[in-house]
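There's a structure below that I have some questions on.
Labels run A, B, C, D and E following the written order; every chain starts at residue 1.
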Amino acid sequence: MSDWIAIGAMGLVGVGIPLAMMMVSALLRPSVPEQGKSATYESGEVPTGTARVQFNIQYYMVALLFVVFDIETVLIFPWTVIYRSALEQGASLATILTPMLLFIGVLVIGLVWAWRNGAVKWVKSPQANRRKTERQA
Amino acid sequence: MVPAQYYLVLSAAVFCIGIFGLLTRRNALLFLMSVELMLNAANINLVAFSYYWGNVTGQTFGLFVLALAAAEVAVGIGIILTLYRNFDDVDVMQATTMRW
Amino acid sequence: MIIEALIAVTFLAALVTFVLPDRYAGKAAFALSLVPVVGSLFMWQQYDASGNALLGGTAAFETDVVWLQLGQYDLHWMVGVDGISMPLIVLTTILSTLAIVSAWTPIAERQSQFFGLMLFMEANLLGVFTALDFFVWFIFWEAVLVPMYFLIGVWGGPRRKYAAIKFFVYTNIASLVMFIGFISLVFGLGDSISSLRLPEIAQALQAGQLGGFAGLSAGALASVAFIAMFFGFAVKVPVAPLHTWLPDAHVEAPTPVSVMLAGVLLKMGTYALLRFNFTMLPETARSFALPIALLAVASVIYGALLALAQQDLKRIVAYSSVSSMGYVILGLIAYTTYGVGGATFQMVAHGLISGLMFMAVGVIYNTTHTRMVTDMSGMADRMPVTAGIFVAGAFGYMGLPLMAGFAAEFFIFKGAFESTVMEAMPLFTGAAMFGIVIVAGYLLFAMQRTLFGPFKFDGDYEITKAPFHDVAPLAVLLLLTIVLGVSPDIFFTMIQDAVNPILELGGAF
Amino acid sequence: MTLLQTVPEWTATAPAIVLAVTGLVLLLIDTIDPDTSSNGVLAGTATLGSLTAGGIAGWFLTQGTGMESTGGAITLYGDALVVDGMSLFFTLIFTSVAAMVSVASYDYLAGRRYQGEFYSLVLFATTGMTLMAMSNSLATVFVSLELASLPSYALVAFLKKNRGSIEAGLKYFLIGALSSAVFAFGISLVFAVTGSLLLPDIAANLSVGSDLVGVLGLGVLMIAGGFAFKTASVPFHFWAPEAYEGAPAPVSAFLSSASKAAGFAVAFRVFTVAFPLGTVTTLSGGSVDWSLLFAVLAVVTMTLGNFAAATQENVKRMLAYSSIGHAGYALIGLAAITVDGGVANGDVLGASMAHLLVYGFMNTGAFLFIAMVEKWGIGRTFADYNGIASKAPIAATAMTVFMFSLAGLPPFGGFVSKYALFYSAIESGFWWLAAVGAVNSALSLFYYSRVVKAMWIEEPSKSLEIGSQPVGLYVAIIFAAVGTVLLLPGFQPVIETAQTVAAALF
Amino acid sequence: MYMQATLSETISGLLGLEGVLGDVVGGLVGAFIIANIMLIMTAIAGPWAKRKITAAFGDRIAVNRIGPFGLLVIIPDAVRLLSKELIVPEGVDRPAWDLAPMIIPFSALLGFAVIPMGNGIQLADPETGLAFAFAVASIASLGLVMTGYASNNKFSLIGALRAVAANIAYEIPLVITAASVVIFTGSLQMSEIVAVQAEPLISVAGITIPTWFAFVNPFAFALFIVANLAEIGRNPFDIPEAPTEIVAGYQTEYSSVYFVLIYLGEFIHIFLGGAIAATLFLGGPAGPFLPGFVWFVIKIWAFFLFTQWARSAVPRLRVDQFLEVGWKGMLVLSFANLVLTAIIVGVIA
């Protein structure tokens, strides 16, 4: 219990320090608003278009992979924690290792498949795209 | 120690927030978030009562619910992405090529 | 096993015909349909049943195996033949073959499907007449409708869609009502029966096992079931107020289909009435004698009058068969050996004769492409054989002695006069007999206008002799009619043997 | 069975394992060369896998695996899974449907992208359904339900460029996500009340009694909601028309037959094992009478489905609504359960299972026929079906068989299965349910026969042209048709097995 | 296992406070102390050490005017940064833009709550310490997204996305490698992990080498360090704020104190990374002769030095190379490491 109270305290401090610094600087800093200053920085040029630019779909792919694998780590951790004590209490290696091997094996198959299908490939080669479009037609 | 029934109230509240968001928002992503809220309401119950009953069943199942929620989001965002490509919008009410 | 073989062969024939290319279909169907004919004749020759299959008599070729064990009542595959069903089976096979032959000319497209459906229907009809388990019987009974629906709907005349749907809806609703009626009867019987075999049910009913169900007393339940079933079958027969689907179906259906419809399908209704209502619930039937007799006479007279008013040859025949089926009902309700027997005999006889008439009309139509009495006259000059047979058939219809029609109607009237179900019976009989006069009236009228007199035909078709394979079936039918008329006993003895047990049934409750 | 003594127990889950492995193998095949993996190989593998799984399940059934004859149900992994007759029976349904769908997809997917993904998704979904039928704990129920659902979402939205498919996928997913959240919350409530997720333990803890009956009722209600989604019955049925209409037809077939059956499988087990009516109706704090709930749902569902179907102009959509109606019929299996029903409970449940099996054949076939029509590029409305029979009599005959069988007309499997269902309902005293059902099926004849009428009786429009004769689709459809017909004479073993295994639940 | 009083408990003990009040006060005081330690270290690292080290690599002499070794440059720098005008570009999404600079240092500081920094110098010691550390450390990516999204600037957006991609791509190898350590410890509790490493591995010529996992499983250690580098976005993985490609990435539009906060956050993250690495692989605060806290500081400064060395010595990867290394190299390797460790441990046991 006390642990979490302490952590909460750390959280408070973690919020408090930045706030304090902001106040200090708010007292110190000047404020001279100008047109030029507040323009969005685009290497000194006049900003064009919206900043919400469309970006590479691969970012989404990566995020997707992350969601999958990160969740798997959640399921792996409990296993790692009990692994050794279970062994010491005489669980046979097969019973305690095989399931996790299967689990990771399935994951790896998924990863390999995603890999081959270019989920983690940042730029698709135009040749491959052409092949696909031909198949589509 | 907080009595277990209070957690029921808390989770019910979270669940209702989820329902509310789900009923009031037409943005598919917000819809997903609301669903996440509802699922996590379930998790609150599971964890709280697994503590209350003194078994880890609830906690373990909570992990699975997390995992499935993530998987659901993964699929869902994919669908929403294609939705955006086809309808140029993520408004769930936009897509009405078929009549109800 | 021969019954199963018969049905299976016919199904197989249907399947084969269905997948054959169109140009062989007709001939193949004819050839294949000869197998059931031979089979049925063989059965007739081997026939060794005695008494009524439902009332403890021994049915011929009986098989009885458990098919479905479902809760309280087992469903059996039980088939068998007795004196009532045997003639109808022979009638079915022969008439189907002849109908198939008569279809060669009129059916021009999608033949393989047409003939396949004809054979499919024949198979199901055989099932209807042989099944002795209610469930099996009901499946066949319903399965007959499906091919009929297509035969009318696909190959029919201009208003065929309307006719097909009307037929389908009428008969299906009727079946539903009948089914509910019967099932309520079954639940009324409760534990006294262990299966849905008709003999078991009939005997249980005789033993007075009927109890109440759903808040009805035994008697009330019996009445309700009787009415429901009577309604269901009366639509099929058809009895006067419920007959409206028939003319449409007949007029729109192609000739061979009308032949099957009038010749066999209507008999399903009367057969079922005899098997179910009048065998299982005789007391209730007797108590309902008056309304039933009224209905019978009504259909006789009303059908005849309507026929009188028609211009379309086919409609004439259609309505006249309504009136003839009225006789059957009359005979059934008479509850005398001649009445019920005659009714059964009339089923066969009318099957042959109405088939004959429809075919004759069809032959004329094939050449003239019209059926309107007003459109033609003096056909006898151009197609003497057809005309001759037409006339013969017509006389058979009027009940000319030495023809099946005469025998049947004679038996029915004899039975009806002897009937003791109520005092007024002779009165009804007299009224019914008056129907014959009208029949004679409209038939003579129609023939006089179409066949005789100076040849006149407003229509640009070349009128020639009908091809042999059109006329041959007519000839065969005529022959059979005469044979039956000369010696009715070839069927009547076995029929009487089967119907007598029904008459001996005493009051059940 | 000596066999069962010789092999380890986990082999009882062989069908599920085979399905899952096949799914992975498909992925691997697709991995070898993503761009040029052959459609034939993939379809073959998928079909082979599902057939193998089905074969194993059937063999187990005949050997009596997990039934009284061999020492009762086999429970595995801390009772999380149970292999008994019921699970095997349903596995048979899923696998046969999956096999038909895979065969049919061979033509449907020809020249499309992402074939490997399609088949493996189908296989994974089937695995999930098999696990649903086996799951003996609310945890496994939820996990396997998601395993069945998530691939389905992707499958429905499979045509990435087709707005209808995307919309269908979206709606299916949104309602699915909602209902799964509701379902999870319901589970958490039940866990809160009983402190266990294992179905038998829940029942045991309930019989002790509980002071949170209200919470329990809410939980049961929410769990029922989750099943209502999976089985496309009121009140979570909205997705069904959209999803079935928009999805690729083989997927519609898969969902409306297998997925629905899976929902029923797990619903049957959960409600009969975890919440025995005798227990939950006699709780100290009050009564949670779910059979009443299901009775109401059944009536509403079948009526709504039928009336909505009658008003459709689009054949696929009509079928979608009709499948809602059939969900209503199958619900009778739960609705007609009574506290002191005894053997009647098992009978009606078994009848419902048998109906689901027959339904699996006829409905899959019907949707596959639509898949063929889509392949031909004919339109989707009744009018567009005019005169198909004159061009493709065999397929049209098969479709006619499906339609009449769905309507419950003799002489097809649908008739006898409906008869069994209604009859057993009457036996357990719910004659009014049976009556509603009978009236509904009489009504359904109207819209089913419209299809038949259009195909056979209406004249084909001049432009009606039927291109190829897709082999796979034909094979699948004819297989389904033959199955539908043969299930009439061969109904005895089906109903017998179904009722035996169902009786084992009580 | 031995239970050592955590810092908060010690303080509350010193103040003689009991119960919840004691916990709260002790926690606050302890948190304040630790936070300030971190601030001081960052202050040294940011304006001074960084420049010195970089200069040393270039064989130059950096800040050396004010104070010994120019240490006092810290003060003017701090004043300069704090007193700059805060320019709020048009079109920024205000609440998010303001919140982000707070989140980044917050997550880093929170991570330190569970790090054992020497006997008794550990604010809190929950059973799930390790998981907690990783969890709060990755809150930072949320702040990064907010900066990029709120700034209404193309560079910022892309920079933020890159940053998140980097974080998540290397998060998994990081965590999986940590898991391979957990197999040894059988616990997620930081103190427990440290305690396990205290046991002697082998003793060569009187010098006993403890079972630091860096010795036990150097492969995992290497993996972890590399993944850590990517996590904190330093060369060769500094694509999030690659100045030559996208100006300054997500912090392009930030100035004055907000910039300071982000900068601060990054440095504290470096230290946090070092701290976790030290705790997992280098026996935490353990070490001969010197007190634990000193060893701890040495270790994390060593890590800092390492990052700066990498910054000056190694070229930056292209973004696609970066992600392919992550997904195809690190991920597979870390899984292999996990499985092998499990098998070896299983076979030995």
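Note that a contact is a pair of C-beta atoms (placed from the backbone, for glycine too) under 8 Å apart; a residue touches a chain by one contact, two chains touch by 3 or more.
Listed by chain with UniProt protein names: A, E = NADH dehydrogenase; B = NADH dehydrogenase, subunit K (Ubiquinone); C = NADH dehydrogenase, subunit M (Ubiquinone); D = NADH dehydrogenase, subunit N (Ubiquinone).
Because the structure is predicted, anything quoted here is derived from the model rather than measured.
*Asks:* What are the chains that chain A and chain C both touch?
*Replies:* Neighbours common to chain A and chain C are D.
*Asks:* Please report the minimal path length, in steps, between chain B and chain E on the chain touch graph.
*Replies:* Minimum number of steps from chain B to chain E: 2.
*Asks:* Taking each chain's centre as the average of its Cα atoms, which chain lies closest to the overall Cα centroid?
*Replies:* Centre-most chain by C-alpha means: D.
*Asks:* If you average the CA coordinates per chain, which chain's centre is most distant from that of chain E?
*Replies:* C
*Asks:* Could you pull out the chain whose C-alpha mean position is farthest off from that of chain A?
*Replies:* C
*Asks:* So which has more C-beta pairs touching, B-D or A-E?
*Replies:* Looking at A-E and B-D side by side, A-E shows more C-beta contacts.
*Asks:* Could you grab the centroid distance between chain B and chain D? Build each centroid from C-alpha atoms only and quote it in angstrom.
*Replies:* Centre-to-centre distance between chain B and chain D: 26 Å.
*Asks:* Taking the mean of the CA coordinates per chain, how far is chain B from chain C in Å?
*Replies:* 66
*Asks:* What is the distance in Å between the mean C-alpha positions of chain A and chain D?
*Replies:* 38
*Asks:* Between chain A and chain B, what's the gap in Å when you average each chain's C-alpha atoms?
*Replies:* Measuring from centre to centre gives 20 Å for this pair.
*Asks:* Do you know which chain E residues sit against two or more other chains?
*Replies:* In chain E, nothing touches at least two other chains.
*Asks:* Note the residues in chain B that touch 2 or more other chains, in rising order.
*Replies:* In chain B, the residues touching two or more other chains are 60, 71, 78.
*Asks:* Could you run through all the chain pairs that touch each other?
*Replies:* Every pair of chains meeting the touch criterion: A-B, A-D, A-E, B-D, C-D.
*Asks:* Hey, which residues of chain D end up touching chain A in the complex?
*Replies:* Touch list, chain D to chain A: 24, 27-28, 30-32, 34-36, 111-113.
*Asks:* Touching chain B in the complex: which residues of chain A?
*Replies:* 60, 64, 67-68, 70-72, 74-75, 78
*Asks:* Which of the residues in chain D come into contact with chain B in the complex?
*Replies:* Listed in rising order, the residues are 138-139, 142-143, 146, 150, 153-154, 157, 160-161, 163-164, 166-171, 173-174, 177-178, 180-182, 184-185, 187-189, 191-192, 195-197, 215, 238, 241-242, 245-246, 317.
*Asks:* Enumerate the contact residues on chain C facing chain D in the complex.
*Replies:* It is residues 18-19, 67-72, 110, 113, 124, 135, 138-143, 146, 150, 153-154, 160-161, 164-165, 168, 172-173, 176, 180, 187, 214 of chain C that touch chain D.
*Asks:* In their shared complex, at which residues does chain E touch chain A?
*Replies:* That would be residues 6-9, 12, 20, 23-24, 26-28, 30-32, 34-35, 39, 79, 82-91, 101-102, 105-107, 109-110, 112-114, 123-126, 131-132, 151-158, 161, 164-165, 168-169, 171-172, 175-176, 179-180, 182-184, 186-188, 247, 252-253, 256-257, 260-261, 319-320, 323-324, 327-328, 331-332, 335, 338-339, 342-343, 345-347, 349 of chain E.
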